[in-house]
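First chain A sits with chain B, and in the next complex the same chain sits with chain C.
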Partner chain A sequence: MIAFIIRRLIFMVPTLFVVIAVTFMLMHAAPGGPFDREQQLTPEAEAELNIHYGLNKPLVSQFTQYLGGVLHGDFGPSFRYKEYSVRDLIGQGLPVSAQLGIQALMLALIFGISIGLYAGYNRNKFSDSIIMGFAMIGIAVPNFVVAPMLALVFAVWLHWLPVSGLDAPGAMILPTISLVLPQIAAVARLTRGSVIEVLQQNYIRTARAKAMPTHVILLRHALKPSLMPIVSYLGPAAANLLTGSVVIEVIFGLPGIGRYFVQGALNRDYTLVLGVIIVYATLLIVLNLLADLIYSWLDPRLRMS
Partner chain B sequence: MTTETINIKKSRSAYDDAKRRFLANRAAVAALFILITIIILAICAPIFSKYGFDEIDWNAFSAPPSLASGHLFGTDTSGRDLFVRTMVGARLSMSLALLATFVALLIGVTYGAIAGLLGGYVDQLMMRIVDVLYALPFMFIVILLTVIFGKHIWLIFMGVGAVEWLTMARIVRSQTMALKEREFIEAAHAIGASKSRILIRHIIPNLLGIVIVYATLTVPQVIMAESFLSFLGLGVQEPLTSWGVLIKEGATEIETSKWLLIYPGLFLATTLFSLNYIGDGLRDAFDPRGRE
Partner chain C sequence: MKKLFELKNWHVKFKTPDGMVNALDDISISVNKGECHGIVGESGSGKSQMMLSAFGLLASNGSTTGTALFDDLPIEPQKLLGQRVGFIFQDPLTSLTPHLTIGQQMVEALRRYQSLSIADARKICIGLLDRCRISDSSRRIDQYPHELSGGMRQRVMIAQALTSKPDMLIADEPTTALDVTVQAQVLSLLKELQKERSMALVFITHDMGVVAGMADTITVLRKGKIIEQAPVEAIFRAPKHEYTKLLISARKSPVSNEVTAIERKPCLIAKNINVKFSIKKNWREKLWLRAVDGVDVNIAHGECLAVIGESGCGKSTLARSLIGLQSKVAGDISLDKEDVNTLTVRDRCLALQIVFQDPFASLDPRMTIGDAITEPLQILKPLLNDHQRRQILLSIIDEVGVAKAWLNRYPHELSGGQSQRVGIARALIVNPKLLICDEAISALDTTTALQIIDLLQRLKQDRALSMMFITHDLGAAFHIGDRVMVLYLGRIVEEGRAGAVLKNPCHPYTKTLLTASPVSDPEAMRARAAVHLVDDVPSPLDTRSAMRFLKSRMIDNPTADQYRPVMLKAGDDHAYAEFDASAAL
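So, the complex of A and B:
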């Protein structure tokens, strides 16, 4: 088990290195510099800017310098927001994005598992078909379509919740709901499938034969083994939530790292985009590792080997 | 003569089976019909409509849908017909998706088949590389591509294909490895069939089913990626239009002109819905493990 964790931790290093190297090289291979869109710069001024940001040095030394900075948590200055460093911007945005993501993940698990359990137990009944129909819609309708509609109904028409920003109370409610709906649908579908499989096992039949009440069978015997696919879905779910939060933050004007990322991409703010990608990649790798650990901890067959 | 007929029958029967199973799946068949309808509409509607997709109707700015004016889905803030724009957007969204899927297919099948056939250290190394790439956040790499390629939308989507091949490679590899061990391959060896003949006659035809399934499931992912990017203003740019561009316009005008979001959103969702159902249906039809 410990060997497994160490092996995975060591495996993280080349992955992150590849991420940083590839993004860095691609950024610098891109045509056009970060200062292209400002008012016509004189060649001297541009050369001065390049010297100021170290862009005149050879690529390899720029890279090693950057890598050294990243190891110390320094992502360099933002090319656009002149008075901020990328680290400041990420530090400001991360708590907002993290709150959004953690809330959404919790809700996705709670609602997704309950709904999936119910649908799986009532397999092929009317209520199951209805639920699974909705789940399919939840997966197929992208959240950038759902979010504006929710904003229209609950913010513009009913005035229950704020349209955008972070200051008003309840500001996180609409973004969280928009972000979580597709994930609830995905978790519910997964849970339903595995519950159906588990309910066909012999030990469930034994429990039924012993006339155990339904809730005991479902919660005591069927739930735990049904959760295995959900645990392995945690990694992709985290990726989906991170991706989703980019667009949700833009729609609801939340100052999270997703919005900085999009602005960085629109403004060709290389250091900002690089920094956010590194943060995202690290998060994803760590979350995937956690999911794998939980999985091997839950499955005794894996624990043995 | 007799043996020949039997051979022909046998080599076709796997696909006949799959076809029969697919056609028995009513949801998948319905989804296929819906998708075909959308494709035909996307191809034909702009040709036969009396409005061009970038033509301004000076009598109808932000007009709601109406049969009388001929603006079935209404018009946008510049007085352009939304129905035609949705169909023209469908063309671009789907073409980009097909391009990216084709690139993903090409790389994924080649890579996976090579790894699966060679096995050993080469396979180990190739799959480790796939593992490393798998850990990268897909959508963020795509956003990175938009920063690099800028306004060259076709290049961006070739790039999307070049990052979307990983699942395909994994599946093709495991399928190739499983096929290598099967009796009929052994039998082909035994009767003296050459390696290339085995590859072409036996391995590739048996991979085709699973490749079609995952190609069908890749298309909606790319369509989603396109709308996502265009929604953020990073993908397709005016004067071109796509579902993502239309949804973005709709989202900004939602308080005054709901139809601008609803119709493109509906078409996007229906297409994704259908493709997912078709993909699931094809998977059930082709997946050997699914056979009872």
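So, the complex of A and C:
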């Protein structure tokens, strides 16, 4: 098991390398540069800036220089926020984004799985149809629609919660809810489908033949195997939460790293975008590793001898 | 004797998108205390639904009418299941919860109605596992179902059902997924337990041979209706219904049609076939599994070689090696004295064809039957025009009994037997020199299997077809084979003319197979000595297990090269592998 984890962590290195290289090339291939503003800089000033940030060197040596920095934990200076390094910016923003993401993921799993289990057990009954109808809406309506509506109702009209920012109490509630709703819906639908399938398995029949009560059948015999597709969804779900949080952070004005991502890309702030990408990629790889570990916990047949 | 369980005018219906389907129609049966009642029928006869429906275990779209009594009282499933009635099911791997250990599953059943501490419950469970001859039960109890062999899993199922000390045990095809030798063990265990606990046993099966030695009374079901119900002797001595006769004839003692020795013109000769699979032990070491271990095959023109073996003996790998579907095959294979390696893929496919086990899975679900049958012609004989292809197609479907009306249908619209006929037509359309049937009848119902065997036999005579017929069914093997070959863990243990091997089986494994396979004869089945084995087929990964019958020459090292038993002559065209005089399975 430990050998497996170590092997997977070692494989992270080439994956990250490819991610960095591709992003680096794409960023530089995009037209424009970090110093294009409405006010045109003089060519001399721009050349000076380019020299200062090493942008006059050939791309390959810029890349190797950047990689060398990354290995030391130095993600370079931000081109736009001149007084900060990328590391500082991410260091400030990541806790906010991470809190938002982890909260949302937990809520999505807890509510999604419970609702899905209930709907799957009451398959094709009225309650199931209602739940699945709502889930469909939850998936279909994008969170950039949900978020302003929630803000309108709960913040502007009812004044229960703050509209934006992080300072007022309860500031995380609306962003988390708007981020998590589509995820709850997705997890619930997945769980329902797999619960229905698992409940038709032979071992459920055996449990019924042993006269096991319903809650034992559901929670002890059916739940674990029903979670397999949820675990597969964990990676994509995390990715959805990350990209979702980009939008949500902008709407609710949260100082997370999501908005750096958007602004960095628009401003051709090469180092900032790369830094955020590295964080996201690492997170996804680790989550996928986690998913594989959860698989073997759920199903002993996958455990390595 | 007192009645324990009774169904009167029992109907079961299922609500399906196509409307109501009658699964069981006016069923009446009764089971006495301590009696074994055999319920025999083919797939779709409703035999499983009968008992499931009586105890409220029907799928949610099913409904019942009629009277179900237990101890003269209307059945309340929650008062009987887990207390007075136990179930065991066909496929023990899928019928045990995969993520719970044996112990967890047994203990929860035990503690459902008895207030016991977990430790006490465990002790009782270990006792029950011991009783069901699970070796090393105190270790096994903490294992997961997938870590046990098929036979052991089924014995765990039985032990689990016994936790409720049932007055009636319902066994739904409990041995169908098992090898014959393992089946014999499980049957003798069930028989013993039934006597010892004076339990009633309801034994549901499709195999008349299996119930012959077990049941006191037999009910034969077909398409949801009872067609015959009688004490076991009466039903085997004088079956009234044609269908019952057919079921019984499917399991008559093996006979072989002794043919006068004709001059054998070799068709396929394979020498010293070896197939090894590497299995990763850990990231550095590999283990080698010798799936086929030095097997010689010799099939003459117009002859059928029946290859007999249990799961894991390498019989399918052997078939795939001969036909070229297996990579990394060592050994020489020649067809009509031509080395197959010098043949093009096309010529090899034209000469060697195969019929697979699962007729549904082996046909492309998106291809019509007609297209599936003619596809080999399009690929292997591209010069034919549409008209010629159509002619060949029409003549072949006429020969194998595929109706013209099926040609535009899709595989899911056919039954198992019909699909298997399509498989045979597809294989024969290129007129191969040798047809390999890899467990071609195993997935079929008894009566359908009989028809397919008849078809193959007729084709063999009409076309002077050479055949290799791979099966685990001894009756079928001796029926159709001119010569038989018995494989055990990748090696030949006995080989020869079918008549000679049947009359004078020399190797202990052949003898065990012959005594273990069920026959439609209640007296013979009852007279059989109980099979008290604890072990299943040993792991083919351990080279020592190949020496099971020749322990005296074994080197006790799991990786060492072992002595190879030599083949001894038992007669003209009859040979067996060397074994210790004391060896037995």
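The working rule: the second predicted complex is superposed on the first by the 294 of 305 C-alpha atoms of A that agree within 3 Å, B and C clash if a C-alpha of one lies under 4 Å from a C-alpha of the other, contacts with A are read in each partner's own complex, and residues count from 1 in each chain.
One rule holds in what follows: a contact is a pair of C-beta atoms (placed from the backbone, for glycine too) under 8 Å apart; a residue touches a chain by one contact, two chains touch by 3 or more.
What you see is a predicted model, and the numbers here were worked out from it, not measured in a lab.
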So, after the overlay on chain A, do chain B and chain C clash or fit? They clash
According to the stated criteria, A:21 is in contact with first (chain B), second (chain C), both, or neither; which is it?
neither
Tell me which partner A:67 touches in the superposition: chain B (first), chain C (second), both or neither.
neither
Does chain B (first) or chain C (second) touch A:51, or do both, or does neither?
neither
State whether A:156 touches chain B only (first), chain C only (second), both chains, or neither.
first
With the two complexes superposed on chain A, say which partner A:298 touches: chain B (first), chain C (second), both, or neither.
second
Identify the partner contact of A:6: answer first if only chain B is touched, second if only chain C is, both if each is, neither if none is.
neither
Which partner chains sit in contact with A:242 here, chain B, chain C, both or neither? Use first/second/both/neither.
first
On chain A, which partner touches more residues: chain B or chain C?
B
Which chain A residues lie in the overlap of the chain B contact set and the chain C contact set?
none
Where on chain A does chain C make contact in their complex?
3, 200-203, 205-212, 216, 220-221, 224-225, 298-301
So in the complex, which bits of chain B are touching chain A?
132-133, 135-140, 143-144, 146-148, 150, 224, 227-228, 231-234, 247-248, 250-251, 254-255, 258, 261, 265, 268-270, 272-273, 276-277
Which residues of chain C touch chain A in the complex?
52, 55, 57, 59, 77-78, 81-83, 86-87, 89, 91, 94-100, 108-109, 112-113, 144, 146, 157, 160, 164, 283
Residue positions on chain A within touch of chain B in the complex are 14-15, 18-19, 23, 26-27, 29-32, 136-137, 139-142, 144-145, 147-149, 151-152, 156, 239, 242-243, 246-247, 250-251, 261-262, 265-266, 268, 270, 273, 276-277, 280-281, 284-285, 288
